[in-house]
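Structures are listed in the sections that come next.
Common to both upcoming complexes is subunit A, partnered first by subunit B, then by subunit C.
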Partner chain A sequence: MTATVTPIFLKNVASGQAINAELLDAVEQQQLIDWVMHWLPVRDKYLHALKTAQAPAAAWPQSAHWNWVSKVVQIQGLLAHRALCVVCENVTQGMMRIDVAGKRCRIASQKGLDLVYVDYLEIAPWNWEGPYFDPPRYRGVGTVLLRAAIETSLAEGFKGRIGLHSLPQSTIFYERCGLTNCGPDPASQWKLPYFEMTPENTQAFLGKGTRQ
Partner chain B sequence: MKKTMTLNLTDAEMQVLEELSAKKDLSKTALLRQALRLYQMVEVRLEKGDKLFFEDDKTKEKAEVMMLS
Partner chain C sequence: MKFNISKEWCLAAAELEEGTIIGAGDLARNSGPQEFAQLTEAPPDESRIAFGQFITLARRRRQLSVEALAEATEVDIGELLAIEQHDSHFAAEPRTVYQLANYFSVSRPRLMELAGLMRPKNSAVVQEAMKFAARSVSVAELTEQEKVVLEGLVTVLTEQNGR
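Entry: the complex of A and B
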């Protein structure tokens, strides 16, 4: 299968300029190679910096243990799952895995209806922000991926409804994107906060061109 | 790329499809695509040796759905 490529823009933080990038509706072998060859060395460098600085637990990236090879292999051939990615300057800048059939809405106004559930969304470590990291290279990767989840929801007839469990470090981002924070989910293994987007939230998000 | 097919349903099947489509706020096509995705997911999990259960939310009582292969 060949991925569909959609042209997008990211912000180059150093220059302040918009830069051409691509959204792919698949995570292919090249993305997994990028994850191993590019993401992991930077991630390990940052983890070392955090350890050396004896950084508090809250500063440690909460997705650092994610293994994208396993996450992609797990869903191969399954119609209910998809993976998408953002590529800029020939390197993968972010990846997302979604579930289009296995989860239902929880908010009372749309309880039981179908949604696109974001299993995982992660940006490349050189795009992370924080006092222990180098300045981020690109901004907008997470927003592009979240928008892609919403677009998938619209295309599937789910009217833009999406849901996800957020890592504690990411809750501000999802709140800023207009998702409703439903609070810690007691059924979640780590009691992660559950977020959901309604069709009304979706229109607001798509209308305002949210920044990451 | 999407492909088109004709689907023949009985009156009873069409009635259920229409009721579910209305209940789920989905088109009939969207609902059938969801059904196919879920059917495949169940099939893959059963082939791996997993079991399919319904759990009563209050009593936590589990009832296995028997899928004969």
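Entry: the complex of A and C
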């Protein structure tokens, strides 16, 4: 499969300038190579920095054990699942896996309606923000991926409805983007907070892109 | 699928990320000290499984039989079979690991770590990758995904100074 490329922009945090990037509607072999060759070394560096500093548990990245090779292999040949990514300066900056057929809305106003469920979303460790990491390189990777999930929902006729389980340390981000926090999901292994985006909030996110 | 996303939107939305941690997925790690230790310090037995997987993948990439590899490295075929069968209780002989490291052109100390003969300094990468590699052992040719994993492992194993 050859990915369709959409030009986008990220913000270079150091310079404050916009930088050209690409949104791909696939995760290909190059992304998995990037994960092994680029993501893991930085992630390990940060893990050891956290350990050395005896950082509190809340500061440790909660996606640090994820294996994107497995996540991508799991959905090969499955039409209901898709993977997307953001590439900048020839290196993968973030990846997302979505399910377009297997989940339904939970919040009362949309209950039972189709949505796009974000299985996994992660950004490259050099884009992480936090006191134990180097300053982030780029901002905008997560919001572009979230928008891609919403656009996919619109294209599927789901009116922009999406759902996801947030990592506990990520809830502020999704609240800023306008998703509704439905609280801890009792069905989730770790009781992760479950979020949904309604059609109304979708329009606000797509139209303004500013803090709610 | 082609998207239409403006520069203005990208930059405005990027500001939403300031000071946040971004991630979604229903398998978040339970961040406790014990789990963290498990992530950064591989138990020796798991390393041995990874060691066996590495030897299997590297041998298959060269399209060698176990017998041919034993002959090329002057290692006992029974020992190679035990290594490749991922017996976590089997400790390879140091000479065997030495010979295999030379043959596959990887760092001897790192392969020693992987084989459980030296205390691992950092085998998290190998373990993560091997979770996938464990899926396929007997297929004659490496799949594209296995090649990716193997290349990553070779990179880790050829680093001389660690990270």
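In this section, the second predicted complex is superposed on the first by the 209 of 212 C-alpha atoms of A that agree within 3 Å, B and C clash if a C-alpha of one lies under 4 Å from a C-alpha of the other, contacts with A are read in each partner's own complex, and residues count from 1 in each chain.
In this text, contacts are C-beta pairs under 8 Å (C-beta built on N, C-alpha and C of every residue); 3 or more make two chains touch, one makes a residue touch a chain.
Nothing here was measured: the structure is a model prediction, and the numbers come from that model.
Once both complexes are superposed on subunit A, the partners subunit B and subunit C fit side by side without clashing.
Applying the stated contact rule after C-alpha superposition, one finds that A:L78 touches subunit B and leaves subunit C untouched. Within the superposed three-chain model, A:V100 lies in touch with subunit B and out of touch with subunit C [touch as defined at top]. Taking subunit A as the reference, the larger set of touched residues comes from C, when subunit B and subunit C are compared. With both structures placed on the common chain, the touch criterion links A:E156 to subunit B but leaves subunit C unconnected.
Legend: residue contacts after superposition of the two complexes on their common chain; A:T143 is shown touching subunit C, with no touch to subunit B. By the touch criterion defined above, A:L121 lies against subunit C but remains apart from subunit B after alignment on the C-alpha atoms of chain A.
By the touch criterion defined above, A:T92 reaches neither subunit B nor subunit C.
By the touch criterion defined above, A:W60 reaches subunit C but does not reach subunit B.
Here's the short version: in the overlay, subunit B gets within 9 Å of subunit C at its closest Cα pair.
Overlap of the subunit B and subunit C interfaces on subunit A: none, as no residue is touched by both.
Those residues of subunit B lying in contact with subunit A across their complex are 24-27, 29-30, 33-34, 36-38, 40-41, 44.
Listed in rising order, the residues of subunit A touching subunit B in the complex are 77-80, 100-102, 112-114, 156-159.
Subunit C makes touch with subunit A in their complex at residues 1-5, 7-33, 36, 39-40, 122, 124-125, 128-129, 131-132, 135, 144-145, 148-149, 151-152, 155, 163. In the complex of the two chains, the subunit A residues touching subunit C come out as 4, 6, 8-11, 18, 23, 25, 29, 32-33, 36-37, 40-41, 44-45, 47-48, 50-51, 57-58, 60-67, 69-70, 72-73, 94, 118-123, 128-130, 139-144, 147-148, 151-152, 155, 164-170, 172-174, 176-177, 185, 188-190, 192, 205-206, 208-211.
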